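The two complexes that follow have subunit A in common; it is paired with subunit B in the first and with subunit C in the second.
Presenting the complex of A and B:
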């Protein structure tokens, strides 16, 4: 008999490393033609940090992100990034990038201030121009300002940015501690159909809702939610790291034995982006990279319980484990 | 060593191989055509997929000498200068490539499908791509991309 059930998984996840030393740096250079080169140590492993960091630099400098070239190709030439892990790059490297872009912008304001005979503190960078706030007729294209800085004033328009959160120690009286950059939240709903004769679990629907702070790039955010969802489905239902029999020699050694979900195993994951901007992240961003792979599996296991009344306490919920649990319970 | 002649993306090549050389090794190491990737190198993941005489195969488990005189297509052969193939356009538009490692194989598997079945359902697409693993994108946007390309190619014909 096939039985359906619904389950919910919920999680919170900290962004970045607590305990200090989680450092990232960035360099933003405005070329004499007004285009921008962002050099960062952040490594893009497909999540799209080159796009997101370029967007952030562009936003600060008031230009289109297509005008930002991102260089992150080796650790000798690039500023340091602690790495692409701990859901930290958008937040930590984002803050370093914003810091660098703001410092480069300050140099542009200083130069434009001289050219426009205005106070650098009264300038803004919008629509590819450096303008006096409130007087749009007093403005110069960013390329003209950067060109004058380079060829007229012997100035290098480079901003060096950095972010590293101070470590937080617990208060000796209360134990209170503030260890995280920010926290992201998630709720995932899964609907499954369990075959009580074969033990097979068919995932019918997966709705993944994440509080991402601000979605700097909603399309990339959806991509992370769906990709993490697929990994979590594998963890919940098919990816067995250790063999059923107690010998490492029988562990899976190829992708035929270690079953990564295919197109036939993953439903169209419904990604829901919930925006609750963080108070301290770059443009309100949080990090959700890792939690997208943590939250769906518990929802699926809860859905199996809802369907047939057994708790699968060891992942993945293979047909064998589901059948054994059903046997122990005395049937569905 | 044995002499091998084959055509890749419309261009003829002549090279030498051993009895054990795979087509993937010829493409990547001898002809420097690097869109077919070395993934599992055992026929499980599909990222080495190429078309031989328009049929989808895994080049990592295809003996090079078995392709003597055959026509091979890799994803480099789909685009013309200045013009991407509709599948490439669609993967770009619909964000079908996340990290991009599986993408060449996905696009060729999709091309093999659309050659046979120009109006596939989502289920048809999922079945056709089921031999190509993606580890980071969750497949949904890849299926979206193939559906969009099918529609685009259908309109172009009419």
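Presenting the complex of A and C:
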């Protein structure tokens, strides 16, 4: 018999390395023609940090995303980043990038202020122009300003940015610590169909709702939700590195034996993005990378319970585990 | 402020290059004269190396160099630097590297491994962390099998008064949860190419997801005082001006575009071995792990054993949580102590619990070292906590949604580590989930928000 059930799960996830101390730096250079090179030490491990950091630099400088090129490929030239982990890059490297872009912009404001005979504090960078706020006729293309800075005023239009949350250690007795940059929030619903004869679990539906502060790029946010969802589906239903734990016997030696979910195993993941801005993040952003891999698994296990009344207390819910649990309970 | 670029669904920066195969990953880099690296790994989970004779391998035509523990200047690395690059005398897990060869091709390198005379005296190992915690268990490491957080064998988080909390409770719900070991299964395998230059500069093409973190560690491994130089053969063999005190500027780490990480590349797996072999041979050295090596011997998500005892009021409020979590860390620290910390800091999940006692244990066993994987220690705590929430709902005869809404953090609440929260949004996130999923929540839940509790 096939039985259906629905389960939910919720979670929070901290942004940045717990305990701080994970610094990041960035350099934003405005070339003499107004195009921009962002240099960062952040690795793009597939999550898309080159994209979101370029977006942030473009936003600050009032130019198009396509006008920003990103260099992140070597330690001789790139400023320090602690690394791409702990859901930290959008927030920590983002803050460093914004800091760097603002400092580069300050130089442009200073130069444009001289050119337009205006106070640098009254300038803004919008639509590829440096303008006097409220006076759209008093504006110059960013390339003209950068060219004048370079060749006329002999300035290098470079901003150097930095961010680090002060390191802290937990109190040894109470564990008291204020360890995170910010927290993001998640809730997931799963619907499953359990075959009571084979123990197989078919995931019919996965609905994910995530607070990400501000989605710097909703397309990439959805990518994280789908990718993390797939990973958590594997954790819920099929993946186990040591099938005879704690023994090492029969550990998988290839991806045929270690069963990560394929597209055939993953339903269309439905995503909702909620935006509750962080108080201190760049444009209100929070980290999203890791949290997406956490909540689907328990939602799926809770759905199995809703369907057939058994608790799978040890992941993954393989057909064998589901059948054994059903046997123990005396049927579905 | 109206934003024009932030918030836009712009195309991924390198998406087209990725899907057309134009992106260059480490394995695509070709440097003429590159030697192939292969490693000899321990066949046993625990033992003492009695014989290590590499002379026959070194004498083979086509073999450019062999390294063992004595070729490693500072043979300990990691956040807690307790892991040797190459095992020295003691072997702590099956698959631990005991020697590495650089040869003209893969066949020669594999043949050379067979010529290394290795004798290991096998010793009793312990693979189960619950066994490893017992006083008479075989020692994974001389300091003991449990990581010490200050004076304690566990990370302790205490808030409120746990005893008073349980006294105040109407019901106690206690359960045990097991989260298994998981593999990252990233597409790009552990790969490294080290290229020495006559100037003394070493260039490493890396899959690292943390360039500077690894640059620092690598320089630590290559660091030594002149009077500590054990491998005196280096300088004449390389013929380079390599200084034996490596600084950050002596190494250029090239990477930044990684074929999948998920935490698998937060620890150095191959760069230290290729670096040492490149320095010893004076030639470029490349090591690409096989999928089998990556699955069996690289870092992974360690297993967790979690016991949660919650004191709950009939109205659904959790008033006490006692939690004991045990992490199977494997043979070395890697990022495990940090993983347990992160787990412990958020061990009540997204819920306010006024009385809390968390004990998080990091336990060593004779497995390959576990380390970071997407979600660190939070993933297993979410798994356990979210099953626990449904069990509480069942125990009280309440709706699983309602139990979560009642306990969800609100602005100004205190976490177990006494952080006062702002930017809280769980209630709204759950409301949006219900809406998207077509679940009609009771008005009571629809009217809640994260700014105030709405109940006392």
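Here, the second predicted complex is superposed on the first by the 316 of 332 C-alpha atoms of A that agree within 3 Å, B and C clash if a C-alpha of one lies under 4 Å from a C-alpha of the other, contacts with A are read in each partner's own complex, and residues count from 1 in each chain.
Here is the rule we use: a residue touches a chain if its C-beta (ideal position, glycine included) is under 8 Å from a C-beta of that chain, and two chains touch if they have at least 3 such contacts.
All values reported here derive from a predicted model rather than from experimental measurement.
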item	value
Partner, of subunit C and subunit B, that touches more residues belonging to subunit A	C
First, second, both or neither for A:279, with subunit B first and subunit C second	second
Subunit B versus subunit C as contact partner of A:141, first or second or both or neither	neither
Partner chain in contact with A:12 - subunit B first, subunit C second, else both or neither	second
Touching partner for A:254 - first (subunit B), second (subunit C), both, neither	both
Touched partner set for A:230, first subunit B, second subunit C, both or neither	first
Which of subunit B and subunit C A:262 touches, first, second, both or neither	first
Touched partner set for A:319, first subunit B, second subunit C, both or neither	neither
Touched partner set for A:120, first subunit B, second subunit C, both or neither	neither
Doubly contacted subunit A residues - partners subunit C and subunit B	45-46, 48, 219-220, 228, 231, 254-255, 260
Subunit C contact footprint on subunit A (complex, rising order)	7-14, 18-19, 41-46, 48, 50-51, 54-56, 58-59, 62, 64-65, 70, 72-76, 78, 80-86, 126-127, 170, 172-180, 182-183, 185-189, 205, 207-211, 213-220, 228, 231, 234-235, 239-242, 245-248, 251-255, 258, 260, 270, 272, 274, 276-279, 283, 286, 289-291, 293-295, 297-299, 301-302, 305, 311, 313-316
Touch list for subunit C against partner subunit A, complex	3-14, 45, 94, 127-129, 131, 149-152, 155-159, 175-183, 185, 208-213, 215, 248-249, 251-263, 265-266, 291-292, 295-296, 300-301, 303, 328, 338, 341-342, 344-346, 349-350, 358, 365, 367, 372, 374-376, 378-379, 382-383, 385-387, 389-391, 400-401, 404, 408-409, 416-419, 421-426, 428-430, 432-437, 439, 450
Of subunit B, residues touching subunit A in the complex	40, 42, 44-45, 95, 98-101, 122, 125-127, 129-143
Footprint of subunit B on subunit A - complex, ascending	45-48, 219-220, 222-223, 226-231, 254-256, 260, 262-264, 266, 268-269
